[in-house]
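Note that chain A is present in both complexes that follow, paired respectively with chain B and with chain C.
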Partner chain A sequence: MKKRLLLAEDDELLSSLLKFRLEKSGYAVDVVVNGKDVKKYLTTTTPDLIVSDIMMPYMSGIELIDYVRNELNSKLPIIIISSAGNEENVLNAFEMGANDFLSKPVSPPELLIRVARVLKSA
Partner chain B sequence: MKLNDLHTSLSNLQEKLTRFSFDELSAKEADSFRNALNSFKSLLDYKNTINGSLNNPCSSNTIIDSKTELEETQQTLQSLLVTAANKEINVPLNGILKFSEKLLKSNLTMEQEKIVKEIQTSSSNILTVSKDIIDYTGNDAIGTNESTTIKFHTIVKDVLFLCNALILNTSLKLDYTAANTIPNDLIGDPSKLSQILLNLVGNAVQTTQKGEILVVSKLQQETEDKVFIEFTVTDTSFGISDDKLDTVFDFYSQDKSSIGLGLNVAKQLIESMEGTISVSSKVDVGTMFTFMLPFKKPEEPTRSSLSKGIADMQVLIFEDNMLNQKLIELKLKKWNCKTFITDNCNVGLEILENNPIDIILMDLRMPGKNGDQIAEEIRNNNDLRVKNTPIIAVTADHDIRTSTEFNISNFTEFLLKPYTSDELLSTLLEQIENNANMETLTSNHINDKGEVPKINLTPVLNECMGDIGMLQELIKLFKNNALEFIGKAIVHIKNEDYEGLKFSTHKIKAGLKMMKTEALHDTVLEMENAIKGDIDVKHLNFLYNCFIEEYPVIDQQLDDELLRLAQEA
Partner chain C sequence: MIINNVTYLTIAPKIGVGFLWILAIIFAVITALYIAITFYTKSNLTFKLQRKKIKKRELGPIVSEFLFFDEETATLEDKNNYIRLKIKIRQMLKNKRNRKVLSEVLVELSQDLSGETLKQLHSLYVNLGLDKDALEKLKSWRWYTISQGVLELTQMQVTDSYKKITKFVNGSRGVLRKQSVIAIVSLKDEGINYFLDTTQYKISEWQQLKLLEILQNKKNYDPPRFKNWLFSKNTDTVLFALRLVKYYNQSDANDSIIQLIRHKNNLIRQVAIQCVSEFNLVIARASLKKVFHSSTNDSKLLIIEALENLGFKEDVQFLNTIEDRNEVFAVKNKALAAINSLLPENDLELEGLENIDTQEILAKPTKAINPLEVTITPRTEVEKDVTSAIDQLIANTEELPVQDDTEEVTETIDFTLGDTDVIVEDVPLDDIKHLEFIEFLESKKESIAIDNVNALYSSLEKNKTEEGVAELKKVEDASKTIIFNSQSVFKSLYDVCDTEAKLILLDEIAALGDQKELQLVTDLLEAPELEIKKKAAIVKEIIEAKLQLRKEKENAVSLDVNTTNTVELSDVTYNDISGPKITPSTIAVLVSKTALDKELLSLEFCFLEEGLMDKAEDELNYFDINFKLSEEFYKKKHN
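And then the complex of A and B:
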């Protein structure tokens, strides 16, 4: 059974590349482009892991973690993608319950490793 | 490029799109496309006339008596006119490209989007060809043949696609049948091939009112090093009467009203490539042009010539199996590499520190410290050179890339056991290339002449695991992002919506980084800094203008680089 990942990323360029690489590595990948769609998606589907940009329209990555942990009461693993210089937010993200984070520019091999690691420990 | 026009229209594009009904828009835009294409075609004819008259002075009734005088005039005229004419061609072509770019941003159906994309590819290829024409017409080049590796089927398809776009008449159809026995990779002159096809098919489009134009390519003959390809272009025009048939290829054809001057040029081009052309026609039925062109077959690169690329490479091998040690040593010695073999971590590290090792082949399963642990130690070494040595993991574990057992990020590449000599060789060659790319990247970075460094997308292509289609998709997305940024940022600046601007800069940054467009990336970073604290609108506008001035250069470089990589692939 393929592991299903939700990729929340409003930059289509980055999401295309990451989706391509994740799928090549055998994951099923769904992409949403904003916070609203994340919520909508989560009402119908429970992925094995969420990879989310920290900055998205309608709902930030931090709000997303808050939503998953406190409203859905879910331990669903979440990896946050943050821009450089956003260290403070990364700390917030961990505090809110993020499982791991990556800085932009995202290196696909690094993401693959982090995804595999988080899934393994989940 | 008129940048002001570009960004004004972009920022208003969304608004306009909602105002226009979709049908209205596509019909209008399609018309403009046709006009652009038609002006391109007529300019091409004009250029052919020039080429024809200049390269065929004997058959023209020129009044200049002195032969030397004629030649001199001819040469000056030739270089002047050909350059001018080609410039004229490039303008509408660029227009087509720009326009299709714009069209892609509108709400197209899947089918329409596909067509527009095809128009884009075709026109950008033709643009390249047109640039080539400048080169060869510049120095009396009808006689000289360029000989380069060409993608035969792609060229033919592109030219015919463009010809198809020239057909305004719905009762006329253009069909193409290609024999798949014709290899795609051939050696020949791509611009001549394109021009011959453009002239002959263009001629058929002009002379045929309704019915069908059928282009067929066949592999007529194949020898050890050459292929002979026969084309037929059959149309359902009124035909040419027997008495005029002899003169259709003459420069001054009697029947100028129906036959373009392009036939004369086509014949010259074909003969310069050592091909032949003939025509047969029946009045009221149609005309058939048959021409044969020889192409050389590319030589298969042999292993011995490839292995030259890795000669003198210094390879450190971690391997515990004696037999494997011998085997790999034998292979690498044969390719003139210098080898060091050990199964011991400390010995290996000592070798690394004392020799300029280019690459490490690491068996993952070894007694004592395994390959993963040794790789970890190498990556933690204090010496920068040692630390960054590429490490190829050699393993029988075919799921290694998704393995969680090893820290796979320590490895540059994987070689799956059992591997062939070819696989080993190509893995080593790849590393050499990557190293070379790394060096160009670094040297680009310290380019201090104020020139824009050429973009190198090889690392991005590697991220796409060599999938050129994926790279093309990414570039398309990148361009969309950049244009969206250009459009939105100016609106944000005008409206003093700095939160919105921050979002736009955030969104474009990843792409700029991915495409290695350092200068644009820096500009965007500066814009981000400029909206922290006191906001200097003048400075913001300045930075924005820097971006839009720089962008077209990057846009072009991306296309060039994509083309280069596609041709390499």
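And then the complex of A and C:
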């Protein structure tokens, strides 16, 4: 059975490209473009992994982690995508309970490796 | 001249109603057109953006398909799909608008992708022939179109465009010039060489940082020898090259750097000095010293820092001359720091330190025989050092046999009670009460304390020897020579003022004045000016009220103190060779001057006290010390 991933990314071009690459590697990928949709999605579906950009409309990646960990009380693995030079946010993300992070510009093969590793350890 | 209605109508221009209607219609049409055009433009833009967005959504997956197509792992279906898409995209690219959208998609994606995928994206851009469109933009007569083309070619790493972009490096448009420089440095490693060789314009700090960032991000970059540009005719090129030399630690440029210390451009000179320091160019020491006096203060600081870093003790002499010269404080201070660094805690002559003669202090049994507890409050770092030095000496003296002659002093000094009642409280060893006690004493006879204390101290020190008596008299005479100015400090100022200034001065007297000012304002009640008279009367009332309040306060304080012993200080006599009879603790009380007490003193007294304190510090080194009454003292009093 395919692992289901939630890709939260407001850049449509990048999300389309990453979705394509992840699907090509055998994952089922759902894309949402803002924090509101993430919350809506999580009320109905529980993915195996969340890949989220740290900067999103309505809800940042950090808030998303907080929501998942503290409100949903879920140990759902989360990978954060952050801009380079945003180390403070990355540290915050790890403190909040992120499982891994990836810096922009993204290397799709690297994302695949990290996704596989996180899913394996989850 | 009065113009009636008839005259007005005859001279006014005749405008027909029809003409007015025409004008109104014209303006209405213009307004309508304006609204229509604005609406159309806005709609058109929105429509274009929407269409572009749709087109991007359509092109996104196709680009992804091209990017991640792997011929080796692809199935037959994938290959068919790939070929189908290739045909589709070729068809699409025949449309100029589609080409533009696709270029935008690829440029946008290039910012979010890295690694192998980015390389594939770059080759896809070239394979689809989109670089030709960008190169075409370089031929435009609009500078911003050219700039867009340069930016696109830079982002998509089209190295073939390098040659075409170089012609804009010395273009007249600043933005285009900067864009081109970034492009050529990004596209090829030799781009920086071309730029430094040919640039004629100023290179801004931002541009330098940006170029350095590009060079930093280059993989396997072998920088050229930047010393080649250290003597360029463009001073900005020299400065940038020098910074690059420093950044890449190119130590083969030492001779050039030493020469650049003498450069007229201050920035170049400063960077050269920094290079000297960083590359440890010992041979540059002489040059640094030569240019020192012709340099700006910033450069001087850097030179001193460089000399400090080079670490030659021979340079201390030069640094000493800086310290002696009429330089600004920062430079002098830096020189001192450098000297201290080169000769740590050695040969430094610090100003403001008291001359502590160890032998002298050891010879005087002052500390050893004094049973009072002494608290020294250091005010500055220098004083702290002195304090620690004294502590050290006290520690040393403690090891010596201590001669306890307190009893002797107490018995032999004949202390005569006079008119002034100084109440010595049998207080416990409590700081608060102790302070109250001191305050009370000060409030009683603040004016006599300092004179007497100096004398008493001298007596205590000399301990009834003839020498002591002579010294005592000397101090007494000195005290007598100090004349209290019974006039108000405002008097001299008042005498030279005009009426308006005098009124202002009276306001100040009302705010600050005391007994002496009271005398002044009383005299002013007879002043010839009526305004002054009135004002003086008011001020007099204010001062009197203030003095009354102070008196009440003093009384309240004195009531709080439980009086057990009374000592009169005003008539302390020194006739007896044995000196006045006084306990050390009483002296301590008189010596202690708190800030609170000081506030209550008149201005003249503050100056006098300060003078006496300074004198006492010089002679006895005692008056900066706060004493506490020893337990022993209270026990004796109690018994």
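By our rule, the second predicted complex is superposed on the first by the 122 of 122 C-alpha atoms of A that agree within 3 Å, B and C clash if a C-alpha of one lies under 4 Å from a C-alpha of the other, contacts with A are read in each partner's own complex, and residues count from 1 in each chain.
We adopt the following convention: contacts are C-beta pairs under 8 Å (C-beta built on N, C-alpha and C of every residue); 3 or more make two chains touch, one makes a residue touch a chain.
Quantities reported herein were computed from a predicted structural model and do not represent experimental measurements.
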Touched partner set for A:Pro105, first chain B, second chain C, both or neither: both
Chain B versus chain C as contact partner of A:Ala28, first or second or both or neither: neither
Residue contacts with chain A in the superposition, chain B compared against chain C: B
Which of chain B and chain C A:Lys120 touches, first, second, both or neither: first
Touched partner set for A:Leu17, first chain B, second chain C, both or neither: both
First, second, both or neither for A:Met55, with chain B first and chain C second: first
Where chain A meets both chain C and chain B, residue numbers: 11-14, 16-17, 20-21, 24, 104-106, 108-110
Residue ranges of chain A in contact with chain B within the complex: 10-14, 16-17, 20-21, 24-26, 55, 57, 83, 104-106, 108-110, 112-113, 116-117, 120
Complex interface listing, chain C residues touching chain A: 56-57, 60-61, 63-65, 67-68, 105, 108-109, 111-118
Footprint of chain C on chain A - complex, ascending: 11-14, 16-17, 20-21, 24, 104-110
Contact footprint of chain A on chain B as seen in their complex: 401-404, 407-409, 463-465, 467, 470, 473-474, 477-478, 480-481, 503, 506-507, 509-511, 513-514
